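Presented sequentially are two complexes of subunit A, the first with subunit B as partner and the second with subunit C.
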Partner chain A sequence: MSKRKPYVRKMGSTWWTKNNFHTMYIVRELSSLVILAYSVILLFGLNALRGGEAAFDAWFAGLTNPLAIVFHVITLLWTLYHATTWFSLAPKAANLWIGEKRVADNVITGSLYAVLGGVTVIGLLIAFVL
Partner chain B sequence: MSQVMKVEIQRYRPELDKEPFWQSYDVPYTKEMSVLEALAYIKDELDPTLSYRWSCRMAICGSCGMMVNGVPKLGCKTFLRDYPQGMKIEALANFPIERDLVVDMSDFIAKLEAIKPYIIRETEQTPEDGCSIQTPKEMEQYRQFSMCINCGLCYAACPQYGLNDKFMGPAALALLHRYNNDTRDEGKEERMAFLNAHEGAWGCTFVGYCSDVCPKKVDPAAAIQLGKVDSAKDYVIAMLKPGE
Partner chain C sequence: MKRSNEPVFWGLFGAGGMVAALLTPVLILITGILAPMGAVDFSFARVDAFASNILGGLIIWAAVSFPLWLSLHRLYHCLHDFGVHAGNGVKAAFYGAAALGTVAAAYLLLF
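Right, the complex of A and B next:
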């Protein structure tokens, strides 16, 4: 008679706390929650814009609340973290070749940082200079 | 002069135990000693009932995969000197435990076989037809993915496979990518259903740990992301050419 009795280990809801790599994966994925909240706030802003100057100013005044500022700083930092993780993973999803040479990973990652930097500078120029 | 390390091993004896338990062994070691050698010492000198798999001792057979302090490792490629705080060894995660450090890999093997991991030709070639010539660039499209030794470490690293074993998993999808991107192969169409499925490339959420733990520096996460590109192209082409 067979004595086989394979034991299946359950992962449980805390699996992602047991390994550093998995924890950082969940930290990366959780950024989607603050980005969702940020998008909803932005949608309210767009809606306020439709409601006229007074409505928009009221929405904008709400953003100066210290809690709103803390939320935005957290969102910015978390989103930047998410961006850096994706920039470092991007070369895996890109099989780019120039002639007979594969484009090096650091060229792909570097270009993404350059684009991010460029867009940030343009955004800041529009917001504060123009 | 050898030191002594406390090595904790998760044991499971199906005929005796309801669930696995931890057992501790004191192993004298020198800086050259691998985990596999430590297990051999335990089996030979301390406890002959310990079960584990091994064969080549040189990271090519893929038999000795196990969790060392929660990280998937090959026993032969992991050294006691790197764990001065001691080590806890258990069977490879995400697979059912047969006994001690031996796991049931039949699901993994079935997945590897399912994706048709061989060159498929529409018409068979004979030696008289001559060589199939590839450029270095053509070879580079699949070379690293052909280095897989089927050790299963990437499956132990993958939470998606752990949560749902219907997911094809890293090694099988990397192997699929390896054959689909070989210029000698003409069987891509037969494999696309596996890639396009929800349990195929799209079941991957790009955790990326599979590539991190691979002892042969294969990059299954890359293969799967490139597989998603292939799958998306396949979807658009199917939309443009209905009825084919």
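Right, the complex of A and C next:
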């Protein structure tokens, strides 16, 4: 048996509250809580849809609860925060070159915002018009 | 040396991050806010028709499944940030849940 007693530095679970950069990192990572919850809500919706009209209406009735709407507003804002961080990190993850020239960071980030805007407009058109 | 499986999960995490950033916001707005407030027709017939359409079904499937890979990847790595040193069993449970949700969404849409 080893007599080694390595020192393991205690990290704890509140280190991220002491520095704004770390706090915003955790806020970004925890957006996955509401994003996960939304996927699960949609999964229940798909199950209800498959179960027929009565099951679907019961699922949808749950969404009309004021608390559910508040939850979705929070989820929307938190997901949009994820989007802003994702777009600003994208140029670091995707190092794009056109010929000899590197695509500027703000072109990549700006394009992603444009796509978000386009997808949102198309989605709303489908919801309201079609 | 054994190959790492991380690139696979990182790729799915990347796809999930994109879907969550580009497609999820408008869906939350429609299904979670506008429809419950009565601004959008969200009747069974209408939603069923959208989900039965190949393109509509693919959109729903992508919107449900890819963000699962984003969120469960992040939450698994967040465990470490909060001082929980989870092992491979927990990792398998997190990614297994994402895989299960992905398959379940496809099954519910197709059958």
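Throughout what follows, the second predicted complex is superposed on the first by the 120 of 130 C-alpha atoms of A that agree within 3 Å, B and C clash if a C-alpha of one lies under 4 Å from a C-alpha of the other, contacts with A are read in each partner's own complex, and residues count from 1 in each chain.
What we mean here is this: a residue touches a chain if its C-beta (ideal position, glycine included) is under 8 Å from a C-beta of that chain, and two chains touch if they have at least 3 such contacts.
Just so you know, these numbers come straight off a predicted model, no measurement behind them.
Chemist: Please name the chain, subunit B or subunit C, that touches the greater number of residues in subunit A.
Modeler: Greater contact footprint in residues on subunit A: C.
Chemist: First (subunit B), second (subunit C), both or neither: which does A:W16 touch?
Modeler: A:W16: touches subunit B and subunit C.
Chemist: Looking at A:Y38 after the superposition, I want to know if it touches subunit B, subunit C, both of them or none. Which is it: first, second, both, neither?
Modeler: second
Chemist: Touching A:W97, do we find subunit B (first), subunit C (second), both, or neither?
Modeler: first
Chemist: May I ask you to decide whether A:V8 touches subunit B, subunit C, both, or neither, giving the answer as first, second, both or neither?
Modeler: first
Chemist: Enumerate the residues of subunit A that count as touching subunit B in its complex and touching subunit C in the other.
Modeler: Subunit A residues touching both partners: 11, 16, 29, 93.
Chemist: Show which residues of subunit B lie in contact with subunit A when the two form their complex.
Modeler: 12, 14-15, 19-20, 70-71, 93-94, 96-98, 104, 135-137, 140-141, 157, 159, 162-163, 205-209, 211-212, 219, 221-222, 225-226, 228-229
Chemist: Could you list, by residue number, the parts of subunit C that touch subunit A in their complex?
Modeler: The contact residues of subunit C facing subunit A are 14, 17-18, 20-37, 40, 42, 44-45, 47-48, 51, 60, 63-65, 67-68, 70-75, 77-78, 81-83, 101, 104-105, 108-109, 111.
Chemist: Help me check something: in the complex, which residues belonging to subunit A touch subunit B?
Modeler: 3-9, 11, 15-16, 18-19, 21-22, 25, 29, 89, 91-93, 95, 97, 100, 102
Chemist: Taking the touch rule as given, give the residues of subunit A at its contact with subunit C in the complex, in rising order.
Modeler: It is residues 11-13, 16, 26, 29-30, 32-33, 35-36, 38-43, 45-47, 49-50, 52-53, 56-57, 60, 63-64, 68-69, 71-73, 75-76, 79-80, 82-83, 86-87, 93, 112, 115-116, 119-120, 123-124, 127-128 of subunit A that touch subunit C.
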